[in-house]
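Both complexes shown next keep subunit A, but they swap its partner, so subunit B is in the first and subunit C is in the second.
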Partner chain A sequence: MGSFRQFARYRIKLLTLIGIAVLLIAVFSFVSPFFFSANNFVNVIVHSSILAILAIGMTFVIISGGLDLSVGSIIAFSGVLGVLLFRQTGSAALGLAACVAAGCLMGLVNGLLIGYMGINAFIATIATLAVYRGATLMITGGRTISVTDPSFNFLGQAQVLQVPVIIPVLAGLYVLFHFVLQRTVFGRSIYAIGGNPRAARVSGIRVRFMTLMVYALSGTLAGICAVYVIGRLSSLQPWAGQGAEFETIVAIVLGGINIAGGEGDLLESLAGVAIIAIILNALNLIPAIDPFYHYVVKGAVIIGAIAIYERLNKVTAR
Partner chain B sequence: MASHQELQVRDIAKSFPGVRALEGVSIAFKSGRVHGLVGENGAGKSTLVKIIAGVYRRDGGTVLIDGQEVEIHDPRAANEAGISVIHQEFSLFPELNVVQNLFIGIEDTQLGGTVLNKRAMERRAREVLGRVGLSVAVNLPVKYFSVAELQLIEIAKCLMRDAWLIIMDEPTSALSESEKNTLFRIIRTMKEEGLAILYISHHLEEITEIADEVSILRDGRLVGTYEVGEVSQQSITNLMVGKDIELVFNRTRRPLGKTVLEVRDLSREGRFQGVGFALHEGEVLGLCGLLGFGHAAVCEALFGLEPYDAGSVALDGKPLELSGPLEAMKQGIMYVPEDRKREGLIPVMDTEENLTLMSLHWLSRLGWIDVGEQSEIAGSLIDRLSIKVSSPRQTVDNLSGGNQQKVVIGKCLSRPPRLLILNDPTRGIDVGAKEEIYRIIDRLAGQGVAIIMISSELPEYIGLCDRLLVFRRGRVIREFAHPEFDQKQILASMLGTAEATPAEGESQ
Partner chain C sequence: MKGTKRLLLVLLIGALAVSVAFAGGKKEPGGMAAEGKPVVGAVMVDVTNPFFIQVMDGGNQMAEALGVDIIWKSSEGRLETQLALIESFIEQKVDCIWIDPLDPEAVKPPIRKALAAGIPTVTGANLVEVPGNVSTPFPAYDAFYQLTGMIAAYLNNRGNVVYMSGIPGNWILDSYQAGFEDGMKRFPNMKVLSIQPAKMDPALANQIMESWLTTYPKGRLDAVVFTTDPDMYAAIEAMKNAGRVGEFALFSQNGDLPAVEMIQNNENGVKIDLLSHGIRIGAFNLMIAARLAKGEEMPEVLWFQYVPVMTKATWDTIVAGGYEKDVQKGDPFGEDYITPQRAQEIIANAASEFRNWEPPK
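Our next item is the complex of A and B:
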């Protein structure tokens, strides 16, 4: 009985999401002749890969009962630092490593504020959102920096067997972090902390340290996004990643993950990301819809999703 | 005074998936009477209350007020019908003051509903608070009040809404003896004013003290309704359980082994002072005292949850640095917290994950959990403690109180403990589950585990412990040893009414 209820509670959500995705694909294929093609699907994935990568980190953060609003700013700031080091040293490898390391460091700062100083995650990361973005603007003077080195731009531009290299990278990240979340002490601790932080502490879980690691992970993944963003555009804009945190949270909520923490997994996040990506892509393909409507659509999607999940929860709970 | 005479439920039935929570329950609650409702956990008490209060829809049966059939679809309808529930968790807003809380949703306004009539509301508030015998600053946020005062404010809130049937769920669980007496005085006054009180409690002595009649539920059915004068506490217990039993402790006394734990002069500013004791293999040591007397704080310090300023702790002769729970666990010290919901369980996790939460460090390699070993450990704990689950994957939120408590204890047994600290391990669970836990404690002691125990019930100390340390204001003031336990003397030294004769003459 219990296992059935659990199945209903967790997997019906996922099945519903997949159903919605299929339905959307069917509808959009009918509406737009350009939609249903291998080319366009590759396009969808490439365009949503930043969202997909950030969603991994944000899923960890949200399951732990937190929130990370600074990821968009981390993309820009870690990108700038990486590019600067690359220009100084001429070493693409060093520059790329610096992007990722800087992202990790900024995440650690978030983690220290939240885990060790006890500042509310929303407040802490909204503050670092401003600080990281401001630092980026100061350093760049608000100007776009161009990067033409092909090895620096590898992640954003290279293809293997005519498939953009980001696609296998994404797949790899999702598989890896799915297992990290489900099969490691780190992952289990995150669920425990999000589910009941006090009980987690009494059970010997190092709550502060694990919290620190969650934000470090989120920052590191944002650093990887920086590498990808620079590569794709052969440049770094100081406003890169702006609003990315909003889109990521939309996707995760759409995936049915409880914003209060303790529940959810990467499959649900991925489903949420896919649906958002499909909707945005279709909106772009349908010329009659003004791009200014896109924000409204995203907001409406959140509200619609929450309304549906409240219903589902009432049906499956007790 | 009361607007109605009687609320009657007839043939009430309610099922949840897989469980028949109530069946054919018929009870009448009359004004001017205190009606006790008792039953083991899971007997259907809270389901019945939730149906009366409009939280659950019943599957069958009728609810009548003064003989008129009524439909109570939601809590609001219950309020309008004059039914108020005071839950264990209060419904007050901590940041709002007393007046604001009392008038929440029924504010008194003037000038066409635009301006609050503050002065009139304050006057009304004082009047109603006077009825419950409370004179407090009505403009103070309620977060500054004690639990007992909050309780009275809750009652005042019910009176304010012209409730004539007030349902109280375990109202004394956080009250001291004198606060309880105050509450009982208020209940008697309300009764005289013609209100009907439905009083739910696990404490039968409270029922026999305050209630006029008592209804006993067992497995979702009504065993019967009795005048309180007609039944003894013992027979109520028997009717609740359905068989003639008395709490059986089944403790096998064995010779003690070598010293496991040595605590010397342990102190923490404002919590405990100069606490020292030794604990041996197979020994069950009780620490008792009134709330806040330091015995619970000592337990938390021994598990590394709270720091201590001075003193030393040695396990098997080795001095310990207790910097945190994980470090304590690595030394074989395990801790069952007092409040399973708050500190013991991760409600959204399943049974298996909860059971293995304290052994993650040991069943992982390089951070990766050995899932096979995890199910093995969980499976064997479920067997050993006979935890009733439909599958190890069942979320603990859906388990009964007794089974949840077994999960919390099971967590601590996922690896053989050297020292087990049990902080009120049988709180809020039914008689059957309690006895199972007593057997587990005895078995562990037999295996040589050293056990420290806190309980909220004196008979448990007497039935289970080999020795008992009585705490008073942060100090150990008296020690009792097994055959010489005397309930009256223990109680007296706890309350400070007896001449404290220091144990073993080692007082300073």
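Our next item is the complex of A and C:
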């Protein structure tokens, strides 16, 4: 019991978030007879996959003291480059690799602007948001490009033993990056940079290089999202990912990540994503909620969840 | 210690609530129609745009007339959301799903899923070729192709025209433009002086009209063609400010009440408006969805038809000017024309137009 208490105290944030998620599941299960089913839980995961993948990169970025508002545009532009290469070469493998590589490259550009040129992360990534989106619209002319190749669309559409492929991929990404953040020098360095960049530099951490890597990671994950989005929609959408950055930030802030940097945990981000996903799914399933009220209900439930979380945080901190 | 206890209490309550919900949640076999009324799930592109509010009004009127329930959901302009909503409706086992697709290719996988689950589907405004799906596309290309014939006849096959297009990349709006451009090519003495995208933004439409008024002095322009009525209203304001309202013949699409009244009262130069109107679109699609929900079979393609609104005097003028229907892909017009009074009746009671509608043989 003593060790459980210690564990609970150490992981109070995460347990609180899990408790909120469980409460929401209970409430929505009571309100809608269609909520508590295996099929619907699969839907919840599939529908929130983009958010979940972006949350990994955004967690790293925010813990390091930064911000990346360009991830939505990176999804669109890396998708464009990947699809164009696929059409030129006929090779799905090359096209998919291009999506991910392009995302990484765009992330590196962000990292150079912020880490090496010292531009404020908010300004730099707002600018690249516009540039990448504009480039997408220029190349596509605002039109969607159909992609029907099953290899290219594998991540978005395939199933293994009736489970969408994205689910084990998501689980794998979270296991991998949780390990990186918690158990590697790279992960420890990110916390140090976010906590006190000057002290981190003085202690020998290559702050600029680490910043570059963090944004490259965020961009790479956005590139993976592009692969998933194209597969799921069987097309490249020029407006893909629009608004994704803000939803991602809301989810991980709900998960308790300190927007000032230096604190946070990937599992807490995942819990925040789960709460948002549950709320959005329930809004889709409850017919009584008029679409005009969706915005109000969404905001109210998020505020309610944060309020419970903050209250419990304060109480348990005493 | 105290905090840990409270936390454990919250988790315990949560676990109990889950158990109660699992044990006590009501599950209706056969989905949502247990009370007898068929349920249609409607996935709209957006519900904040005035056009879609009209669509919802028309759908609600028809739903009441035909005795079905309708659940409205908004995709908020996002394709990922649209797919998620369709999948949620499959989960809810509604009796029919009506979709206004953001992208006709991307919605095919969830439509196949719905059909495989025994739920019929209707896709409005677009041709979505999935076996078993009913599409109600707009004959947008043909509508504007035919409109150019009316414009040319009105101007005695000689004149200068400008065209205010929509959002590049939007299938319907691009089709209007393509129909307009191809239709105009038939008339060598009709010149298209400019095509500018107003992007369905009235503020931009106003600016474009101001530019045209500056560029084309009196006598240089004979007609202005609009993709949508709100753009036309904004442009009319620019004409009024420049003191040039009534100088040109105006042609548009939508059939909004203010535009129809302008035709009736011979105001502002508005001559012909193609009545589509969100309220008709909503009523038509809900009628199809309701009939599918009740187990009826429908052809896989049912073209939604526009109706030109004009006065009899305008009709006589264009007939005298040699207007002849020149059908390309399909006849876009349900009738040759209707008067503004008839248009007002239809807009006021959308259910009356389609209640006893039968598909073409």
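Just so we're on the same page, the second predicted complex is superposed on the first by the 279 of 318 C-alpha atoms of A that agree within 3 Å, B and C clash if a C-alpha of one lies under 4 Å from a C-alpha of the other, contacts with A are read in each partner's own complex, and residues count from 1 in each chain.
Keep in mind that, in the parts below, a contact is a pair of C-beta atoms (placed from the backbone, for glycine too) under 8 Å apart; a residue touches a chain by one contact, two chains touch by 3 or more.
From a predicted model like this one, the values you see are computed outputs, not experimental measurements.
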item: Partner chain in contact with A:183 - subunit B first, subunit C second, else both or neither; value: first
item: Partner chain(s) touched by A:19 [first = subunit B, second = subunit C, both, neither]; value: second
item: First (subunit B), second (subunit C), both or neither touched by A:195; value: first
item: Subunit B versus subunit C as contact partner of A:287, first or second or both or neither; value: second
item: Which of subunit B and subunit C A:203 touches, first, second, both or neither; value: first
item: Which partner, subunit B or subunit C, touches more subunit A residues; value: C
item: First, second, both or neither for A:116, with subunit B first and subunit C second; value: neither
item: Those residues of subunit A which subunit B touches in one complex and subunit C touches in the other; value: 5, 318
item: Residue ranges of subunit B in contact with subunit A within the complex; value: 16-18, 303, 305, 324-326, 328-329, 335, 337, 342-350, 353, 357-358, 360-361, 364, 367-369, 371, 389-391, 393-395, 398, 411
item: In the complex, subunit A residues that touch subunit B; value: 1-3, 5-6, 183-186, 188-189, 191-192, 195-196, 198-206, 262-263, 318
item: Residue ranges of subunit C in contact with subunit A within the complex; value: 1-4, 6-8, 10-11, 13-15, 17-18, 20-22, 24-28, 32, 44, 47, 71-74, 77-80, 83-85, 87-88, 91-93, 103, 105-106, 108-109, 167-169
item: Interface residues, subunit A side, partner subunit C - complex; value: 5, 8-9, 12, 15-16, 18-19, 22-23, 25-27, 29-30, 33-37, 39-40, 43, 46-47, 50, 140-144, 146, 148, 157, 229, 232-235, 237-240, 242-243, 280-281, 284-285, 287, 290-292, 294, 312, 315-318
